[in-house]
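Take a look at these structures.
The same chain A turns up in both complexes below, where it pairs with chain B and then with chain C.
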Partner chain A sequence: MWIFEVLGFGQKGWGGLLIVAALMTLCVTTVALIIGAILGTMVAAAKLSGNKFLRTLGNIYTTVFRGVPELLIIYLIYFGGSGAVTAIGRYLGYEGFLGLPSFAAGALAVGIISGAYQAEVYRGAFLAIPKGELEAAEAIGMHRGLRFRRIIAPQVLRFAIPGIGNVWQLSLKDSALVSVTGLADLMRTSQVAAGSTRQYLLFFVVGGCLYLVLTALSDRLFTGAERRANRSMPSSFSQA
Partner chain B sequence: MDFAFLFQTMKTLLAAVPMTLALFFLSIFFGGLLALLIVWMRVAKNPVVRNFAKGYIFVFRGSPLLIQMFLVFYGLGQFGFIRYSFLWPFLREPFVCAVLSLALCTGGYTAEIFRGGLRAVPAREIEAARSIGMSGFLLVRRIIGPIAFRHALPAYSTEIVMMVKSTALASLVTVWEVTGVAQRLISQTYRTMEVFLCAAAIYLVLNFLILQATALLEHRLSRHRRAAPRLP
Partner chain C sequence: MLQDQQIDNATATANRLSVRNIRKSFGELEVLRGISLEAHDGDVISILGSSGSGKSTFLRCINLLEIADEGEIWVDGEQIQMVKKQGKNIPVSSRQVDHIRAELGMVFQSFNLWSHMTILQNLIEGPVHVLKRPRAECIAEAEALLEKVGIAEKRHAYPAHLSGGQQQRAAIARSLAMKPKVMLFDEPTSALDPELVGEVLRVMRSLAEEGMTMLVVTHEMSFARNVSNRVIFMREGQIDSDGAPETMFSDAASPAFRQFIGSFRG
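Presenting the complex of A and B:
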């Protein structure tokens, strides 16, 4: 059967490469999620702060990066980043073009986009904390750091899990666009395999199925995490 | 800042806006029709039909739009019966492939949104309509449809904005819309920031206008919920 030959793990098979590519997609998305978590926390803090300038800055960030196509942002980071790296290289005495590694550019771009969505998730989660708990913490003399660590962070994380799950699914699909920078992720590898064997239908279906496996598995993971995080809550509350 | 260059870039990009809008409106239209069909199947009693709709939603929401688009653009031509059918002159066009895959994808997402709207229709309103003898299509047209649509509108406006952004992917199957033209300008001039700013501004204005329009629609549809205007 030729299908088993091209999809297998043998000399002519693309199976191994596709598995590696799926892991690469997971890798890019994970790094992007971490970058997005850092950016998202900062932006959420800016949007919730009393400072008007910071609030406006936060609003601009979330509006721009949620309102502009992901592909355009990837082009900006990839080409713009390469331009910046080349300029630094020239300053250090290296002539010629230097490219930003496509993994770094892709993870950064998807991370910036996911940061905009995560900021809204964290902001919503923070607003869901009962005000009385914050006041109680203040009343017994907890200072800011302790209050953040003991009261805010645990609850924000619990309230944010479903939202983070959605952002993860979104980033997983956005990471397919990183393939335009030449990174050998699942999308790009399916494309190369399809082109070189001329079995477009087969490889795009297989690639799509691998994405479905990734999204279905991560969906289960997040549902499990949600259940675990809410295990101390009253049952009617955790199911809400 | 080089205003002459910015002006020139803006002019080139604005010329591509009709293509983006055409992709957007056609895919929203066909995607909406498809979503109605799928949501009808999703709430059907027949388990085969229901599970087919579930599977459709799972596949199209779970995989990236880009791979769906490539599947349509490169994959369909592999079938002999499609290549020799009367449809081929259409399906050969990148524009038709882009609209087809955008509509198929948004159909899955929109079906879930519409289903959320359907679940918000109070059972007692349906019972009341049935008790005065309304049935079938009239019930859907007068009671279920309007209530469900009003409830689904906020989520649907998010999906519409997502679709505006998704039209950018059509550039990867050689449709020259705004992002595709912007990418060409970037690789010709290497002035990333200026081109990006112009393209971003276009998309932000489009999304802003669309959100305003849906907010206006929502305002009009919830007229009965506001207090009656005070008489002078």
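Presenting the complex of A and C:
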């Protein structure tokens, strides 16, 4: 059977490369999620702060990076960033094109976009914390840092899990766009495999299935985390 | 003049709680118009008044959840340091504010237990993280407190799984775990179903009998009358009348207070 041959792990098989590519997709998305979590926390804090300048800055961030196509951001960071690096190289006497590493550029681009969505998730989660619980923390003598660590952060995480699960799924699919930079992720590898074997239908279906496997598995992970985090809620809540 | 001030400060130092001429406005609205109060060790003071009279704001000013625009506050002999900024008081040191708050127990109308922690975790949170005391010791004390307020069997439950009365008793125990110098109660039974009010009042009563200094903003006339040793009636941001319950609930009371109680008897 030729299908087993092209999909297998033998010399002519693409199986091994596809698995590696799926792991690459997972890696880019994970790094992007972490970058997004850091940016998202800062942007959410800015949007919730009393400082008007910070609030405006936060609003601009979420408006721009949710409003501009993902592909454009990726191009901007990869080619724009490479252009800047090349210019610096020329200044230092190096002639020729200098590229940003495609993994770093891709993870950064997807992370920046993910950060815009995560900021909204964290902001909503913060607002979901009952005001009285924050007041009780103040009243017992907790300083600002302690309140954040013991009362705010755990509850923000709890309320944010469903939203973060959503952002993860979006980022996983956005990461396919990183293939335009030549990174051998699942999208790019499926494309190359399809092109070189001329089995377009087969490889795009297989690529799609692998994406589905990744999203389905991670969805289960997030549902589990959500159930765990909701132990403290009334029973009607955890069933939802 | 200077001597008067010194004598004055001496009483403030001797008292558990001393509040001098507190004023607070929200925008144009002046909510507190010069309130003073001295609480001695073991005093149980009920603060009565119709809604909007400023009694909750007064209580919140004491532990600085609201910052009074003017006035002095002393807790157990220590004055809260303030500076004037654009004519309004601002605390000098947030560290002192936290330290004062840790000495004042606050019980809220809506309980405000931390919903992501079990009851036991709620109780040890302050002692372990604010007072930095050894965990094992705090757990032992917390369990004794839960026993005392009658919810020992709920120690590993989350607040959402408790009735309102149980939550409020847990909230009182959480405040007590900090070994406060003064307990402040902000309408502790107002959010409870009528049949659950009794269990919370019983806990408060036993606290009063143990000699805890308490300020209680309440609508429970029987508590004010039978448990407290002093009743303060607030009206339009000022203290209308102030006295022992025997005199306050007699014919000698001010007309405004008599009218206020009358509205309760229906």
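To be clear about the criterion, the second predicted complex is superposed on the first by the 230 of 240 C-alpha atoms of A that agree within 3 Å, B and C clash if a C-alpha of one lies under 4 Å from a C-alpha of the other, contacts with A are read in each partner's own complex, and residues count from 1 in each chain.
Here is the rule we go by: contacts are C-beta pairs under 8 Å (C-beta built on N, C-alpha and C of every residue); 3 or more make two chains touch, one makes a residue touch a chain.
As the structure is a prediction and not an experimental result, all values here were calculated from the model.
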Problem set entry | More chain A residues in contact [chain B versus chain C] | B
Exercise. Does chain B (first) or chain C (second) touch A:R150, or do both, or does neither?
Worked result: second
Exercise. Regarding the shared-chain residue A:M233, is it in contact with chain B (first), chain C (second), both, or neither?
Worked result: second
Exercise. Does chain B (first) or chain C (second) touch A:L217, or do both, or does neither?
Worked result: neither
Exercise. With the two structures laid over each other on chain A, which partner does A:F79 touch: chain B (first), chain C (second), both, or neither?
Worked result: first
Exercise. Looking at the overlay, what does A:A128 touch: chain B (first), chain C (second), both, or neither?
Worked result: neither
For this session: In the overlay, answer first, second, both or neither for which of chain B and chain C A:G207 touches.
Result: first
Exercise. First (chain B), second (chain C), both or neither: which does A:I3 touch?
Worked result: neither
For this session: Quick one: classify A:A176 as touching chain B (first), chain C (second), both or neither.
Result: first
For this session: Considering only touches as defined above, state whether A:A87 meets chain B (first), chain C (second), both or neither.
Result: neither
Exercise. For chain B, which residues count as touching chain A in their complex?
Worked result: 58-59, 62-68, 70-71, 74-79, 161, 164-169, 171-172, 179, 182-183, 186-187, 190, 192-193, 196, 199-200, 203-204, 207-208
Problem set entry | For the chain C and chain A complex, residues of the former touching the latter | 63, 65, 94-95, 98-104, 106, 108, 110-118, 125-126, 129-130, 158-161, 171, 174-175, 178
For this session: Under the touch definition given earlier, write down the residues of chain A that touch chain B in their complex.
Result: 63-64, 66-72, 75-76, 79-80, 83, 172-174, 176-177, 179-180, 187, 190-191, 194, 199-201, 204-205, 207-208, 211-212, 215-216
For this session: Please give the residue numbers of chain A that touch chain C in the complex, ascending.
Result: 130, 132-133, 135-144, 146, 150-151, 154-155, 158, 231-234, 237
